[in-house]
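Below: a set of structures, written as structure tokens.
Two complexes, one shared chain (chain A), two partners (chain B, chain C).
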Partner chain A sequence: MSTAPSAGPITATGTPSERNIDGQAIAITVFSTVKWWGRAFLPVLFNVTKRTPKLTTTIVQLSFIHFARWSLVTKIPYNGAPQPKQRLRYPHMYFESNFNGGWEEYIDAFSHILTSGMAAFWGSSYGFPKALPVGPFKAYIKENEIANSHYYSAYPEATITMVKAALDLDDKLAPLRRSAKGMQPDAFARAYEKMLTDAQRSL
Partner chain B sequence: MNSSNVSGQAYGFLAITPIKPGEQDALRATIEGLGATRPLRRVKRTHMARLVIVEDFNHKPHYKQRREEHLAIPMLCFSSNFDGELDSYLDDLGAQLAGEIPEIWGRCIGGPQDAKGLKAYLKHNQIDCGFFYAAYGQATVAKVKASLDQRERLMAFATRAQGMEPEELQEAFVKEFPS
Partner chain C sequence: MADARVHIDLRDLQGDILRAYGNDYDHTSYAFVKITCPPEQARAWFSGLLDHVTTAEPWKDGKPVTTLNVAVTAAGLKALGVSDEVVASFSAEFREGMSSRAERLGDTGVSDPGAWERGLGDGSAHVLLTINAQEAEDHRRALGLMRAAMDDAGGLEIVFQQDTALLTGAREHFGYADGFAQPAVQGASDDKAPGGGVPEEDGRWRALAPGEFVLGYPDEDTRDDPKRTLPNAPADPLGKSGTYMVWRKLYQDVALWRRVMADAAELYQAGDEHKLAAKVVGRWTDGTPLVTHPDKPDPDFDATARGANDFRYSSDSDGMRCPLGSHIRRSNPRDALGFQGALTFRHRMIRRGMPYGDPLPDGKPDDRADRGLVFVSFQASISRQFEAVQMQWLNDGNIFGLGHDKDFLLGDPEGTGKMTIQGRPPFFLAPMEAVVKTRGGEYLFVPGVSALAAIADGTTG
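Showing the complex of A and B:
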């Protein structure tokens, strides 16, 4: 899909426009036109991916995606005149990601590490050049990316690593918060040191 | 509820609504200006959300697509990743963005001019997720923000508490991190 020239998603320097960014969080939105066989294949792929957590292990380990989604648009909801009724000849895939880091690094990681996954998810899209080499893949994403007009994050200062560390820390700190008041000072001091040691990677 | 929109307790919502003829520039100006006021911060269950104007499908000759397909009318995409179930979220969205609704969805065909009707309108135009990924789908916005704040405070406390005697340490800890 195309956008107004004034709101192009990628600047001349290859960085996302500021409306795709909120603090550490970066938004990417991509529409692609899907070949006829994707209408049947993609729902099966989505279902298998959802039911097989092992398939998303790499995304979890990469730890730079807060939220992501793929949707297959097969019809445009009708809202009455003057909206023209439109029957889509092709399905279209909507992809969005909420991530942190840099756009280039993000696409590099998708291309090099999630190579087979990218082929599965975008292989039925017209023009998909394969995930590797990365140059044509980046060009493809840039051609199909749409700039946000507004992007919002509730915690823009936080990377996903920070969020995960904070949640992990909460699990480790909660027992001590509950019991601290009733402990003997020496026992508390030992428990506090142990908690800090256990939580070291989350700090 | 379509479970493909859910990961943990997080919900992935997408609605695509047709923009009224002649309203696209005004709509774009409005939503590009939302960065100054960040109205979605009032909708407390929102983790991350976006508004995107889609003008047409993309074609390139080297895609070798047999027939071009064009969008009949420009569309507004609203996507949100939020806590809990859809109906109460859309109620809250309508209540908290009451002032912005006529300037945003009021510029879409069939769209509401006030909070009343927003929920039904967005649900009518919802596109389900095929696959929705949430890295920490079990954690609400409130939980994430509280945990981030607590982490900052613990790091500061750990520095400040170095060398404290057990009694003083305990007292300071209980004061900083009450149960």
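Showing the complex of A and C:
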């Protein structure tokens, strides 16, 4: 990867929590230090989760979550000077997710709905209190959350659910758009009503 | 019927929180008092109130003729001499106050705090005295006593007062029966669990832990915690038996509402305005739920009967009976968001509102009179309960798959938006008018009885 010469550090604007929000989208980034056994356990867990789609269906059903990603960081990639070389004494869990709605509700969903999943993913991290009660879990996430320097959303007005609804509507509107030209008014009225009925979850 | 495993100290709790005074009182006045004197002087007056405060203890000799309840704002705590350190132990949103959170609450445009009534949201409201009375005569007498005590003490001023009275049939100004669907609380109203509690598997319901509404008790998060930790609360002794209160004066433009509904109904199912009105709220105007009675109200519907509120939304997941965006489906989605209510059960509130202003008689032109709803809610967390519902469920529709659609009953200060009424074909209500406007409001704390005494004695730590 080639990078342009650095013009110095990019300074972030806004308060840390504001910098994690762009329009409807909120970003969450959490680093936690992993105990020695997590280094062996987590790759196995990730593998099993990946191969067993059933384990991730719940997260997919939580429609306000765009994605959630856990990964294990064992070393910090070196990009050459002036970056200092750094050794990680402990592996770290890197968690990133984007969602719509509120931070509190997001963590609530994790705690109450994905209780055992949270324990599996974060159980090997130092200081993890358990996913329930949610009070200490929120405090833990807050403590380890880092603020973005910059966060960008291409459609700040839209949520993921809205984008999906728009695509669905487009699919349902397209056939009518094609066939409408030659229709008589009453046939068009019927076709239009049918389209509205079919597409109402996206309207 | 109360769950014996949970004991709520009703003597230490103020009245009208867990158990409604309900329709026992026709008249309610809310007086916001500003303290202009030194804290010691204010505390002398405050301690004089204590003997008159109505607690949650069941009434032995019938209902009192009048009741008095006391709440304080963050500025009020300071004016009464509570230390900054203790005030800092209260929740951030309470300390900031409602007007500082206007943007997130949707109090913009016509509802902007800049246009609120004097005395609300400007830091001058310190103590809220709520007086209930059965008869107009008792009401006048109680208000007189309140004013006399203030005059005697000196250095006190009523900066805002709202008098309210029940409308016939416990209706609010748009004509709907209001105020009966309430959360079921463990140890207080366990018998209301079906429909009022948390929906569980096998069709059962569970009453909510008392700490969702009263501080100093386990809440839904800590009820099963083996360590028996208690949820966050202000520093003791203020943290015991208290609750947070949201007070909002919501103006209702009845003439505009009637015009909007009449115009829209011309295009709806052969002019069925009654049904259209039911679709907006999710209940017929007499309170019959649409989920159970989609075609017509139940002439025998009794909102207080056992099981009257016992319904779920999963049998109507497409909203054909009760629209996905109707007021009650938004404000308490029960199981509508799936996961056995896991996304909804932490966002409940006890509502104790009262209509204010004279009703606009049917068919009468707009008289431009001030009328609406004094919205009152009690909850352990203003941000998690009231604000989350207001922001994410009423002022936005994303979680329900409704984009940015807002609650049609509350309208839109910007005059945009729409409501989809699911059907074959669906029907659209548009555009949304600002039928409800915020005229002012405050975030308050309702101390327990021993906490009131500690404030009066200056021993809050």
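Keep in mind that, in the parts below, the second predicted complex is superposed on the first by the 173 of 203 C-alpha atoms of A that agree within 3 Å, B and C clash if a C-alpha of one lies under 4 Å from a C-alpha of the other, contacts with A are read in each partner's own complex, and residues count from 1 in each chain.
Following the convention adopted for this analysis, a contact is a pair of C-beta atoms (placed from the backbone, for glycine too) under 8 Å apart; a residue touches a chain by one contact, two chains touch by 3 or more.
Note that the coordinates shown come from a computational prediction; the quantities given were computed from them, not determined experimentally.
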First, second, both or neither for A:196, with chain B first and chain C second: both
Partner with the higher number of touched chain A residues, chain C or chain B: B
Chain B versus chain C as contact partner of A:162, first or second or both or neither: both
Chain B versus chain C as contact partner of A:79, first or second or both or neither: first
Which of chain B and chain C A:120 touches, first, second, both or neither: neither
Common interface positions of chain A, toward chain B and toward chain C: 63, 162, 165, 196, 202-203
For the chain B and chain A complex, residues of the former touching the latter: 4, 10, 12, 14, 16-18, 20-21, 28, 31-32, 34-35, 38, 40-41, 46-60, 62-65, 67, 69, 71-73, 75, 77, 79, 81, 108-111, 121, 124-136, 139, 141, 143-148, 150-151, 154-155, 158, 165-167, 169-170, 173-174, 177-179
Chain B-facing residues of chain A, complex: 1-4, 7, 19, 22, 25, 27, 29, 31-33, 42-43, 45-46, 49-50, 56, 59-60, 63, 65-73, 76-77, 79-84, 86, 88-90, 92, 94, 96, 98, 126-127, 143-144, 146-155, 157-158, 160, 162-167, 169-170, 173, 176-181, 183, 185-186, 188-189, 192, 196, 199, 202-203
Residue numbers on chain C that touch chain A, as the complex places them: 221-222, 225, 229, 231-232, 318, 338-339, 342-343, 346, 383-384, 388, 391-392, 398-399, 401, 403-404, 420, 422-426, 428
Chain A to chain C touching residues, read off their complex: 24, 61, 63-64, 100-102, 104-105, 108-109, 112-113, 132-135, 159, 161-162, 165, 193-194, 196-197, 200-203
